[in-house]
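First chain written, first letter: the chains are A, B, C and D, and each begins at residue 1.
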Amino acid sequence: MKKDKHLKPWQQKLHEVIYEADTPAGKLFDLAILFVIVISVILVMLESVTAYIMEYAHEFYVAEWIITIIFTVEYILRILCIKRPKTYVLSFYGIVDLLSTLPSYIGLLVGGANLLFAIRALRLLRVFRILKVTRYIGESQKLIKALKNSKAKILVFLFAVLIICVIAGTLMHLVEGGNGGFDNIPLSIYWCIVTLTTVGFGDIAPITPLGRLIASLIMIMGYGIIAVPTGIVSAEYSKSYETKTPTNTQVCPNCNETKHLDGAEYCHNCSHKLNE
Amino acid sequence: MKKDKHLKPWQQKLHEVIYEADTPAGKLFDLAILFVIVISVILVMLESVTAYIMEYAHEFYVAEWIITIIFTVEYILRILCIKRPKTYVLSFYGIVDLLSTLPSYIGLLVGGANLLFAIRALRLLRVFRILKVTRYIGESQKLIKALKNSKAKILVFLFAVLIICVIAGTLMHLVEGGNGGFDNIPLSIYWCIVTLTTVGFGDIAPITPLGRLIASLIMIMGYGIIAVPTGIVSAEYSKSYETKTPTNTQVCPNCNETKHLDGAEYCHNCSHKLNE
Amino acid sequence: MKKDKHLKPWQQKLHEVIYEADTPAGKLFDLAILFVIVISVILVMLESVTAYIMEYAHEFYVAEWIITIIFTVEYILRILCIKRPKTYVLSFYGIVDLLSTLPSYIGLLVGGANLLFAIRALRLLRVFRILKVTRYIGESQKLIKALKNSKAKILVFLFAVLIICVIAGTLMHLVEGGNGGFDNIPLSIYWCIVTLTTVGFGDIAPITPLGRLIASLIMIMGYGIIAVPTGIVSAEYSKSYETKTPTNTQVCPNCNETKHLDGAEYCHNCSHKLNE
Amino acid sequence: MKKDKHLKPWQQKLHEVIYEADTPAGKLFDLAILFVIVISVILVMLESVTAYIMEYAHEFYVAEWIITIIFTVEYILRILCIKRPKTYVLSFYGIVDLLSTLPSYIGLLVGGANLLFAIRALRLLRVFRILKVTRYIGESQKLIKALKNSKAKILVFLFAVLIICVIAGTLMHLVEGGNGGFDNIPLSIYWCIVTLTTVGFGDIAPITPLGRLIASLIMIMGYGIIAVPTGIVSAEYSKSYETKTPTNTQVCPNCNETKHLDGAEYCHNCSHKLNE
């Protein structure tokens, strides 16, 4: 381990408030940040509704800057009170914190009507603030781990789905070629994905009898093979739940019998006293 | 335990009929109430069909009052024949019983054309009577328990779905911005939920190639991650089925310790020889 | 057991051909009937296409009568060569056999333009012939058994779905009342079922922001609770698969030790020879 | 085993590069072929977009021939460096390799405007090149094996789905007969498949109350029975994960019998005392 710089007392206190949730102050800080995050994401959403941005342009502007300043202060404090700021800055949450705060400042610097789309895209980056919420959910770690364990299998499955869609899409393009939604193969593949995943928008739908027959096969296939990822994750979960033998690793000093019940005081094989 | 008021004989008899289903009278009472509940809910539904309410307004009115009176009597009897009426009144079923009976009376009191919407909303509360049916389903307890056990994980999962939808919705708004259904972010998020849950109404659908590519990814993601809640509940269910501790039912003749390992010859608690 | 009438040799031979599939003749008979069933169902389908029935009315008529006569002969033979004809006639397959053959004869008897709908309905009964196919699928028994085991739980689940739909449908009717698809509660409930089951036709869809919010909740709920029936059936299936201890019920004649490994010849506890 | 022809040194070297992935050259070859496959499939897709084929007809032509030549060379090399070329040519990948290369040559030979559709279909066969990718995915073998194990059950399930759809489709045709989408039974069955699999395009949807009631039942059924294939595959997967025989690895010093029960003191085969 490298030699870390020593934290001053005020830094240690700050670290406890910001990075931990054991003290009342720490819990309050977490709740306050959670509140600002939710408010902030709702604001980004409402801002996109034309009617609202027209009427409350000024209010949105003020609110956005208050939130930006709060997050800027949080970001600086987080850097100040940690031993190795680099670890934080380059961590997932460090990048999310920066990415969701920066757009407001960049929007200030580059103000030009001809950059509108880029700025709009930038401003929407602020929605990533919602990822800051995951910091406060303990259970999510387990879920992510379970998904990671079956990742390889799920990826292979999704890849198989893609191959099916490419081939079925090409077939549908050939059969339904003349009709609206199947003009070209990429579109037919898009339709196949919509169908196989049982989403079924209905903006594109087969018209010819043969096309409908193939569509039926794709649907039944999609209905059947959804069992595969489910089976994988189920088995993965079940595995971790399976009852281990409730025995311990105590060895009888007399007969070397192992696998004694938890809490056993005498060997069940030779009646010799077990060591605690 | 607090001192309960003593029930008089007629109260005890009534209690047996209303709260229990062991006697023929109790079973008959349950069936009668079930019948009235079903009729009542069907009436509330039909009442909302304009054609019916126009033609049979009077019949609906009469039927509704008959049902209201039956439920009122039931409510009063339930209070009369129980030791601690408060427990019932504040219980889930007590609230449902009150909530589904009161609207008729309130509708009688406040009659004014300017309160139409409030009254309509109130009257629809009567549909909650259907919850009274759950009282008669034994199996439902197990289901609710299984759901409760995996509640935390399912909530985290649904929260993850929401985060995905917020980010994907913002992205779709950026990409498909000019087109009908993606005008603002809340609408785009609504579309993402419709798509990720594989519902796919089709009232809103992407048009641009890039939008369709992102939509495909969302759909495949939705098709894949549905495995997660399923896996959780499956594992939760399987767990309760799994073979328990591999111990036997031998009882130590010396210390009465139970749950000895299969094959144990001496008590693990007091070293006494176990009976074969 | 009641005294059965004795089968004559030709009846026994016929029984072997019709009811069993061990002999070449029996297999051939099964295949022939399977072929006629498939042809018959396809004919019923094609007959419903206006263009076909217009042009090939006579051919359909002839084909239908050939098939009807074949099934009539099969029905009579099945009755002739069984000990207790009543058992067959009242069995599931006996009823299906009768139900799918009778319509043709009835259609012959009652010929009147004013009975058109009833006759059309009757004629469509012939489609039930497809159920005759299940006779030839061995695996289906296991599936039906697995479904039967979890029937009670699945019914409770579907009932819960119905209750959710009734309440959510009423809510949607209240919120979206003015708009097309939510005019009355039955229609709103229909929409809720379409949505909760993730089918999502899109012929009815919410328009108001609040309606869309509730719709989102219904969809996420439907996406989440699909895990419940899946979990039930998975657990039910897994249970039957669980590895039983590969030990037998042999008891050592010397020390009464039980649970010996399959194939063990000597007691693993006292070395005494085990009985075969 | 038949006597194989001996491979010359250059054939052995080539075999290592083409059929194996252990050497750097072998890995490079695999990556190169993977790259060409992906490019090739993307080209086939883009070619179907009218706007692109109009503008870049020549470029597509050139690219296609380069790819065809690469795959032809690969095909010839694969035949040259294998002991029994027949095994490869008749294998799944051999057929895919041929099938996806041939169309370009055939398109060259038969050039006539009146064969347009056949040629178009032929050219689309090239999309099967995507199946060549599966050669490089190890995990897929396990998935295919798991699917194969539950194939019989899944097929029976899908067959049951089909029977339900035929009967429900006929019923819907009878009930909704007059309306657009239910004109004939094949169309009604198509709609039933769309509904039962929870795809729900919405291009066809019931209008009559009775039709909607039946539709609701079909949807709830589809929502409920999706649990069946999932349960099958889950159990199949879990089975392979489950803890095996509770025997230990003790070897009898007398008869070398293995797999003794945990806790056994004497060999169950020859009664010799086991070592602790």
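Operating definition for what follows: a contact is a pair of C-beta atoms (placed from the backbone, for glycine too) under 8 Å apart; a residue touches a chain by one contact, two chains touch by 3 or more.
According to UniProt, the chain labels map to these proteins: A, B, C, D = Ion transporter.
In this text the structure is predicted, and so the values were computed from the model without any measurement.
S.K.: Taking CA centroids for every chain, report which one is farthest away from chain A.
M.R.: C
S.K.: Please state whether the interface between chain A and chain B is built from the same residues or different ones, using more than half shared residue numbers as the mark of same.
M.R.: different
S.K.: Once the Cα atoms of chain C and chain D are superposed, what angle does the rotation have, between 0 and 180 degrees and to the nearest 5?
M.R.: That pair's rotation angle lands at 90 degrees.
S.K.: If you average the Cα atoms of chain A and of chain B to get two centres, how far apart are those centres in Å?
M.R.: A distance of 28 Å separates the two centres.
S.K.: Between chain A and chain C, what is the separation of their C-alpha centroids in Å?
M.R.: Computed from C-alpha means, the inter-chain centre distance equals 41 Å.
S.K.: Going by the touch rule set out above, which residues of chain B reach two or more other chains?
M.R.: Touching at least two other chains: 157, 186, 198-202, 222, 226, 230-232, 234, 238, 242-243, 263.
S.K.: Which bits of chain A are touching chain D when the two form their complex?
M.R.: So the residues of chain A touching chain D come out as 152-153, 156-157, 159-160, 163, 166-167, 170-171, 173-174, 183-186, 189, 195, 198-202, 205, 209, 212-213, 215-216, 219-220, 222-224, 226-228, 230-232, 234-235, 238-239, 242, 255-256, 259.
S.K.: Quick check on the complex: what are the chain D residues that touch chain A?
M.R.: 41, 44-46, 48-50, 120-121, 124, 127-128, 130-131, 133-134, 137, 139-140, 142-143, 146-147, 154, 157-158, 161-162, 186-187, 190, 193-194, 196-203, 222, 226, 229-234, 236-238, 240-243, 262, 276
S.K.: Can you list the chain C residues touching chain A in their complex?
M.R.: 198-202, 230, 234, 238
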